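Which chain is which? They are A, B, C, D and E, in the order written, and residues in each are numbered from 1.
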Amino acid sequence: MRIGIADTTFARYDMAKDAIDEIKKHALGVKIVRYTVPGVKDLPVACKKLITEQECDIVMAFGMPGKEAIDKTCAHEASTGIIQAQLMTDTHIIEVFVHEDEAKNDVELAEVMERRARAHARNAVTLMLRPEELTRDAGTGRRQGRDDAGPIKL
Amino acid sequence: MRIGIADTTFARYDMAKDAIDEIKKHALGVKIVRYTVPGVKDLPVACKKLITEQECDIVMAFGMPGKEAIDKTCAHEASTGIIQAQLMTDTHIIEVFVHEDEAKNDVELAEVMERRARAHARNAVTLMLRPEELTRDAGTGRRQGRDDAGPIKL
Amino acid sequence: MRIGIADTTFARYDMAKDAIDEIKKHALGVKIVRYTVPGVKDLPVACKKLITEQECDIVMAFGMPGKEAIDKTCAHEASTGIIQAQLMTDTHIIEVFVHEDEAKNDVELAEVMERRARAHARNAVTLMLRPEELTRDAGTGRRQGRDDAGPIKL
Amino acid sequence: MRIGIADTTFARYDMAKDAIDEIKKHALGVKIVRYTVPGVKDLPVACKKLITEQECDIVMAFGMPGKEAIDKTCAHEASTGIIQAQLMTDTHIIEVFVHEDEAKNDVELAEVMERRARAHARNAVTLMLRPEELTRDAGTGRRQGRDDAGPIKL
Amino acid sequence: MRIGIADTTFARYDMAKDAIDEIKKHALGVKIVRYTVPGVKDLPVACKKLITEQECDIVMAFGMPGKEAIDKTCAHEASTGIIQAQLMTDTHIIEVFVHEDEAKNDVELAEVMERRARAHARNAVTLMLRPEELTRDAGTGRRQGRDDAGPIKL
């Protein structure tokens, strides 16, 4: 099995490193292929190439969109392309974006980034190896990078 | 006949369970294939895989977008991808999204979610088995999860 | 020749009925294939299926988006998909949407819906049977559902 | 060589007529194929059909989006589709849209429309016959319909 | 190896010239193919043609969107198309857009444009010749046209 890891030089924290560490803990013997591009708008084709040229079974796409309106637009364009790349290949690409304005300061931002990267690395491994397991958590308010919201209590 | 059910661990209520219950009441002998992913942006490819790999004749996609602006953007991206997946496969995917801010509180939210899930499960069964029946209700202001708006009275 | 008619149970007025009546007046012997779906986001694939599975030469897509922001987003997603379906099939799909907030009250809304449905039914027939005729009206400010704006007077 | 001209009955001025006049001045012997549709959202497939069915080497798409928010959304959807049609055919479609609110009054609006139609007709001819010539003007602030902005002076 | 350079006559500064100068410094013997179009919405198909017809291994797309709301929309449409062109060809297109309102005055604007063009030219060369090198800078807050933001310091 092969997991593709696409990330950017634009991001201010190396989420891919945390994700790779987490993958190694949960999926022994899985081959990891890493591909770094300048920014989030370069991610869709990078992810597609990891699937079509590097034969990855699943891909993770890491990005840190900035705080400005233009950054939000870039993130939206990247996300649209990432969904399109999945539809063209019938392969999951787990998007792991942390917006720079999600946290109050740099330390909290790095914390969110590490937690989200690790949580989604576990999701990617599960989706690749034991997809039926996620149904146990269906509708239970899971979050990545923050505490779970939890299910609605009736 | 096979119905695909795609849903998320992000949602705070298990709409798929209600939909499956409703499908079983209205479509005896139909095979249900369930597929759970982390969030709504993972739904388009999950739905497409249910069609291309699991040979589903129709798919339902359940999601609960959050209240923030970023959540609205995610929902829009997911919806765009779900429409694209349908066009690539000539197969219906009934999108069943309930936005977290559609209701005043958690209890009302769960109620909307159950009603919408069940109403669209009936729509999915009708579209799959007796599509011509929906024309009887064309232009009559049907709603799912809330009371019908009804037709304009002249 | 075959005209596809796709519409929804969500709309509060039956535009398709008016359009069918108008088509029968202007295009003798044309076969009409009707397909009703729950909402506007189900229209793109319904239209595509009318083209690829029912062999329609042209399709009309009727929808009544609601007044809320979420309804505007749904209409935008549906329109994007309808354009995509046309490009995938090289076939016209005449979108006939009337937004619920285009009129002051229900009676005016129904009036706009009937006029727009009939005017676009005539457009669809012309596009299918005598496309060169529309060039006579190029740049003359035609409207559907309201009075024509007319050409700029110099 | 064949140039496709797609335009609408919605526009309040006949830009295609000006463009055809300009093309005839600059490209002797070029065949012009005209195709008129109701509104800008019908343009993407009309342009694609001019390429795939009428074998046009380049297409011009004329539209006059109205002043309201809904008109801006329609223009955006049309533009997205026009770009998609180009990518599906590897053929240029020069979009010539003039928004109704670009000018203070109808007379100025018609003037902008004529100038933009003629300037883009020259662009289309150059792109089709001598594409390398445009590089002479690269980065020089050319505008169509208004005076050139000119290059940044250092 | 071949690098495609697509740019516009609309931009008020010739970024492509700077990029070509930079490419020649860092990639001896690389063939450069330049293609100039009127505006940013013409860039997606120009880039695609550089890949499919001119056999470029990577493409750079230079644009200077204006300050108005309509210009932002055009830039968004162009970016969406550029991402789509990449997915259709499994080839990188490095988008180098500088918005006219990114700088306080023309002199600063030209400075940003030159710096961004040169920095992305180096990125393009690295992506084409030694893609694994970018991983050394993953998550370090690199910027083009401005000073680097740098990594988050913990």
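Criterion: contacts are C-beta pairs under 8 Å (C-beta built on N, C-alpha and C of every residue); 3 or more make two chains touch, one makes a residue touch a chain.
Given the structure is predicted, the values throughout are model-derived calculations rather than measurements.
Common partners of chain D and chain E, by the touch rule above, are absent. Minimum number of contact steps separating chain A from chain E: 1.
At the chain C-chain D interface, residue numbers used by both copies make up under half of all numbers present, so the two copies contact each other through mostly different positions. We define each chain's centre as the mean of its Cα atoms; on that basis chain C and chain E are separated by 40 Å.
In terms of their C-alpha centroids, the spacing between chain A and chain B amounts to 25 Å. Multi-chain contact residues of chain B (touching two or more other chains): 80, 84. Contacts between chains close into a ring here, every chain touching precisely two others.
The part of chain C that touches chain D in the complex is made up of residues 72, 76, 79-80, 82-84, 86-87, 90-95, 99, 120, 123, 127, 131, 134-135, 137-144, 149-154. On the chain D side of its complex with chain C, the touching residues are 7-17, 34-38, 41-42, 44-46, 48-49, 52-53, 64, 70, 73-74, 77-78, 80-81, 84-85, 88, 106-107, 109-110.
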